[in-house]
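Chain naming follows the written order as A, B and C, and within any one chain the residues start at number 1.
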Amino acid sequence: MNELLMDNWSSWVHIAGTLAFATTAVLAVAPRGIDLFGATTLGIITAIGGGTIRDIILQVPVFWANAQYYIWLAAGASVITFYANSLLTRKYINMLILHVDAIGVSLFAIQATHKVWKLGFAMPFIGPLTLGIITAIGGGLIRDVLAGRQTLLMSRELYAIPIMLGCVLFILILNYLPAYDFVGSLISIALIYALRAAAIHKNLTVPNWMAISPKEN
Amino acid sequence: MNELLMDNWSSWVHIAGTLAFATTAVLAVAPRGIDLFGATTLGIITAIGGGTIRDIILQVPVFWANAQYYIWLAAGASVITFYANSLLTRKYINMLILHVDAIGVSLFAIQATHKVWKLGFAMPFIGPLTLGIITAIGGGLIRDVLAGRQTLLMSRELYAIPIMLGCVLFILILNYLPAYDFVGSLISIALIYALRAAAIHKNLTVPNWMAISPKEN
Amino acid sequence: MNELLMDNWSSWVHIAGTLAFATTAVLAVAPRGIDLFGATTLGIITAIGGGTIRDIILQVPVFWANAQYYIWLAAGASVITFYANSLLTRKYINMLILHVDAIGVSLFAIQATHKVWKLGFAMPFIGPLTLGIITAIGGGLIRDVLAGRQTLLMSRELYAIPIMLGCVLFILILNYLPAYDFVGSLISIALIYALRAAAIHKNLTVPNWMAISPKEN
C-alpha cells in the first residue's frame, strides 16, 4: 500500500488504541478506590507507557513529544471513564474491560510492529516481535505494578500468546508479502482480537502441557 | 533573572531535594526491617530515580553522570538517616517523613520544570508539566514498588494535585512573566509545600466528587 | 591482556550469565504457577533487563539489538527449565536457584563493570560501580516486581554487598593494574561467587549493626 496512507492508517490505529487503554486502565483500578488524579495518571501511563519504553529502546524521541494530543486524548478518556464508571454495573464493567483491552492490545501490537519494521531495528524478527509485545503489554504491566495488582504474566489466561501470534503473522506478511501490508495489518489485528474474544467467552486458559500449577509450600 | 544565577540556584534546589528524598526514603522503609545496603540503595534510587527517567525521556545524559556528587550526597544522607532512625520516636518520624518529603517534591518539581523548559521539550505545556511531575514522584514510585509498599497513586491523600498546581503556576510564569523566573520559582515551591503541609495537618483528602471509594467484591 | 581476547572473554561471560539468569528466573517463579509464555518472558526479562537499563543510561544501543542470540539463548534456557522443573525436587531446586543465581550475578557484575569502564562513563568510580550493580541485580528486581515477589533489597540475606565488593575490587585492578584485567576479572568473579556461596551455606546475614529489624506497627 501507498506508504503515506499506511502511516496515516497507523496513526488512527494508535489513537484508537490510546483511547482503549486509558479507558480500560481507569475501569480496572476504580474498584480499589482512587481519586481523579491517580486515575488519570494511571490512564495516561497505561496508554503511553509501552510505546515510551519502545521508543527509549529504539533511541528515537518518545512519540508523544511531537504528538502531544496522545496525552490529551488519554487524559480526556480517563476523566470521562472516571465519571462514567459509577453509572455502569460491575458485571458489565468487567466484560467491557476485557473487550476494550483486547482491542487496545491488538491495535498497539500491530502498530508498533510496523513502526519497528520501518525503522529496521534488530531485523527481521527479534526487534519487531519483542517491541511489538512490549508496546502492547508494557503499559498494562506498569499500571498493574503501580496499582498493586497481579500482572498478566502470572495469570494462566490466554493473553500474551494471541499477541505473539498476531505479531509473528504480521512480520511474515511484511517480509514475504510487503505489498499487502495494509490488508495484512487488518488481518493481524483481527486475529489477535478474535483469539482474545474466544479466550474471554470460552474461558480459555493455556493448555496443561504449557503450564505449571501453583505448589503448596 | 540572570541566567547563570538561575542555573546556580537550580543546582542548590536540586541538592536540597536530593538530601530530602534520600532521608525520607530510608525513614519510610526502615519500619519493615532493612539492611544498610538496601536502605542506601533505596535512598539513592529515590533521590535520582525521577530525574533519571526524565533525562532518558529527554534523550540527554543522566544528570549524575557529570555531577557524581548527587550519588555521594544521597548515599551520605541515607547512611546518616539509617543510624539516626533508631534515635527517633515513631510518631516524630512519621511527621518528619511527610514534611521532608513535601520539601523534596516541591523542590524537584520546580527544578525539573525549569530544566525541561530550557531544553524546549514538548513545549509549551505537556513537556514541562509531565516531566516535572515524573521527576517529583518517579523516585518515590520506584521506591514503593521495590519495597512492596502501596504507591501514592492509590491513596486519596492530597499529594499529586499540589505538585500539578505548582508546576502549572511556574509554567505560566515562565511563559508570560519570564523576567520573574527566580521569584516565580520561589512562589511555586512555596505553593506546593504550603498545600502539602495543609493536607498533612488538616488530614485533607481529595474531595468526594473527585474520588471513587473502594468497592466490596 | 590483549584487548580483543578480553572482549571475547567478556562475551562468553555474558552468555554464561544469560543462561544462568533465565534458568534461575523460571525456577523462582514456577512454584506460584505460571504458563510457558509468562515463564519465558520473565526468563528473557531477567536475563536482559539489567543490561538493557545499563545501555539506556549509557545512551548506547541495547546490547541485544546487534546480538540477537542473547534473546534466543534466554528463551531456550527458559523453555528447557520450564519442562525440567517438574523433574526436580523442591529442596534441590531451591539450592540450584541460589547457586545458579550467584554465578549469574558475579558474571554480569564484572562484565558490566568492564563495559562501562571501556566506555568511560562517570569515571573512575561511580559509573562502573553503579552500572555494574544495576546490571547484576536489575533484571532480578524487575522479575520480582512483575511476579509479585519480595525484592532482594528488603531481605537481610548477604546478597548485594558481595556484588559491591567484587565490583570495587575489579575497578581498583582496572585503575592500578590494567595489565592484569583478565586475571583480575577472574578473581573478582570468584570473590563474588565465594562470598555468595558462603552466605548460602552458612546462612550468613548482614551483621546486626548494619541492619534494622522490622517494627510492629
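Rule of thumb we're sticking to: a residue touches a chain if its C-beta (ideal position, glycine included) is under 8 Å from a C-beta of that chain, and two chains touch if they have at least 3 such contacts.
None of these values were measured; they are calculated from a predicted model.
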How are the chains arranged in terms of who touches whom: line, ring, star, complete or other? complete
Copies chain C and chain B - interface residue numbers shared by over half, same or different: different
Centre to centre, by mean C-alpha position, how many angstrom separate chain B and chain C? 30
Name the residues of chain C that each touch 2 or more other chains. 56, 59, 145
List of chain B residues in touch with chain A within their complex: 56-57, 59, 121-122, 125-127, 130, 133, 141, 145, 150-156, 160-161, 164, 206, 210-215, 217
If you look only at chain C, which of its residues touch chain A in the complex? 29-39, 41-42, 52, 56, 59, 61-62, 64-66, 68, 71-72, 82, 85-86, 90, 145-148
